[in-house]
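Going by the order they are written in, the chains are A, B, C and D; count residues from 1 in each one.
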Amino acid sequence: MSTGRLEAFSDAVIAIAITVMVLELPRPEGVTWSALHDDLPVLLAYVLSFAYLGIYWNNHHHMLQATDRVTGGILWANLHLLFWLSLIPFTTSWLGENHLAAVPAAAYGIVLLAAALAYYLLQTLIVRDQGEGSLVRTAVGRDLKGKLSPVLYLVGIGLSYVSATLGVLVYAAAALIWLVPDRRIERTVQHRADGDRAVS
Amino acid sequence: MSTGRLEAFSDAVIAIAITVMVLELPRPEGVTWSALHDDLPVLLAYVLSFAYLGIYWNNHHHMLQATDRVTGGILWANLHLLFWLSLIPFTTSWLGENHLAAVPAAAYGIVLLAAALAYYLLQTLIVRDQGEGSLVRTAVGRDLKGKLSPVLYLVGIGLSYVSATLGVLVYAAAALIWLVPDRRIERTVQHRADGDRAVS
Amino acid sequence: MSTGRLEAFSDAVIAIAITVMVLELPRPEGVTWSALHDDLPVLLAYVLSFAYLGIYWNNHHHMLQATDRVTGGILWANLHLLFWLSLIPFTTSWLGENHLAAVPAAAYGIVLLAAALAYYLLQTLIVRDQGEGSLVRTAVGRDLKGKLSPVLYLVGIGLSYVSATLGVLVYAAAALIWLVPDRRIERTVQHRADGDRAVS
Amino acid sequence: MSTGRLEAFSDAVIAIAITVMVLELPRPEGVTWSALHDDLPVLLAYVLSFAYLGIYWNNHHHMLQATDRVTGGILWANLHLLFWLSLIPFTTSWLGENHLAAVPAAAYGIVLLAAALAYYLLQTLIVRDQGEGSLVRTAVGRDLKGKLSPVLYLVGIGLSYVSATLGVLVYAAAALIWLVPDRRIERTVQHRADGDRAVS
């Protein structure tokens, strides 16, 4: 089974999750800027979740590009990742509607943590299937970002009980780390292509 | 007509159904874990429906891979299947919002039953069109799972009147049977590919 | 410009319209079958609209298959068609929530009429661009169904004022006429393919 | 990285934004034409936003057709554009539900302005990556429309405080300018194709 339809399905689910979140934004009550201002926490939560879903789409895309085939296990690991990503709109609106309260902020972090672990599981299954010398294996490398993120989410979840704003700031910092696209894989793909060209 | 656009359209409908269900999740009323706890039946119903839609996407994908062409009848049988799948978000939220009451649990099972029959009808039309010696015919085999599921749904519908939780547990058991991807078709496709290679 | 991305975009819009309609279905108030029974008009309106969007997807697909290229005019005529199709969920829920009242039934028919005219305009632009001897021109033929449907919609709109149920029955009858897929184009494509084979 | 998956993801987000807007249309309260009449401002705002999203889809499609490859920067500039486009359903319903009040009309214009700037940024990154003699560079030309639109949005935002209707009319005028598809790129692609043919 090729990766084509898996990518198409994942794209669709992420595109829908990223877009329907806006349906959850409560309409401002009134026609003044201060009415919009009351919506500010929801809007900021929306921006953060938009960034996270964009990051996942981006990294998922890069990883799948370096993958040749899909096994049954990869397929279910992918659906498992999509499950957690599909919950982001839910925790986003719970967080935003309550002006950054402690428990919703922690719940938001827990879903981020679960998504990160699901991504790690998917990556592990792909690397195992493709083998140690594979493109994906080389590209993933030491995976510093992938190992740092769950720690940051745990810190954010803990800090949410001190101050929800602080917790959310930690999640935002973790997103910033990821906003740089995964150049490792781009570079490896490039190297391999250059090597192929040098050989032929 | 090739299967390409049929697959793309089915993917889109299933991806949307699986994602918009989260829009139906009622926001927890309050900012405590116990507020989220009240949402638990809805969340569990969401997990079950996510699994079912994932299973259908997976099996549909495997079946279409072994199909060469699409007739008018196959096209309408496919839309008929999508119709029942599109009702899953509806029965899911009715079930979840009412803490697993009898009638919503039975209605949930009826939609599962109708979707299973629609899938069986689609499979039958494809096999008939492709012929007895076709890849799909061989791959479907005795179709034990396909024949067992409707029976389980009927049992679940009946048990819902005794205890909705019991009924839902039967639906969950039926999902578990399907969570193993349809290796028959994968294997048959593999055999055929091996045979082709041996011949050439 | 090829037809590929136009088809993909149209597929996505129709798939979303067909799926999000279910979000509009009001949850039954209560956990009895009679609560579901109160929802019956909405559910029937949903079935009818699902059938209509399926018909449009099907016919659109067949027409585009016989089309070689897309001009700016065709592109906007296609968006114009999608606009009317996107209003079907709106008129569907207005119709269903009010147990088939006169004005919503008429409004439902007006959107169907506008979509039919938009489809006719799109078809005319494609035929004009492709030329008189083209595949599309031959396949469209006398287009009896395309000419009969608007008349039926007008009759349905008028009858809605006598009885909304009567009006909706006329719309359902018009849908039944279309449920037979457009074999003209399938046949013509087949003939052409046979001719090509005979020549080569 | 090819443009294929970027186009597919952008298509999906725009298709979803254009379609789910209809979910935001408030159902008319009552079953008379005057109930629908009360919805008129929302419906008109819907038409305008549908046109804008159609324009963006169209122009985005033309620009990407003239693009060979996607860098990390282009990818994030594209997500940034999609972010502003995804807010259009939000400002549309705020505008429509309040019968064209001043602040919502200004907010609607601000989102249009941000989307225009995001598009300009994306275009600039693509041109820079593709080089001065590239197809995209030639096709964009002096980009009069691209430079006029933000000015019109600014005028519209200002006029919204005088009269929201006036502001919205300016936005509608800016849309009309864009409704003519970007023939520059079509023409340049055509020239290039002709040149290639003349050479070979």
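The rule is short, and it goes like this: a contact is a pair of C-beta atoms (placed from the backbone, for glycine too) under 8 Å apart; a residue touches a chain by one contact, two chains touch by 3 or more.
Everything quoted here is computed from the prediction, not taken from an experiment.
When the CA atoms of subunit A are superposed on those of subunit D, the rotation angle is 90 degrees to the nearest 5. At the subunit B-subunit C interface, residue numbers used by both copies make up under half of all numbers present, so the two copies contact each other through mostly different positions.
In whole angstrom, the spacing between the mean C-alpha positions of subunit A and subunit B is 26.
Multi-chain contact residues of subunit B (touching two or more other chains) are listed as 8, 12, 16, 20, 23. On the subunit A side of its complex with subunit B, the touching residues are 1, 5, 8-9, 12-13, 16-17, 20, 23-24, 72, 75-76, 79, 82-83, 86-87, 89-90, 93-94, 97-98, 101-104, 107. Those residues of subunit A lying in contact with subunit D across their complex are 7-8, 11-12, 14-16, 18-23, 25, 27-28, 31-33, 35-36, 47, 50, 54, 57-58, 61, 65, 179-181, 183, 186.
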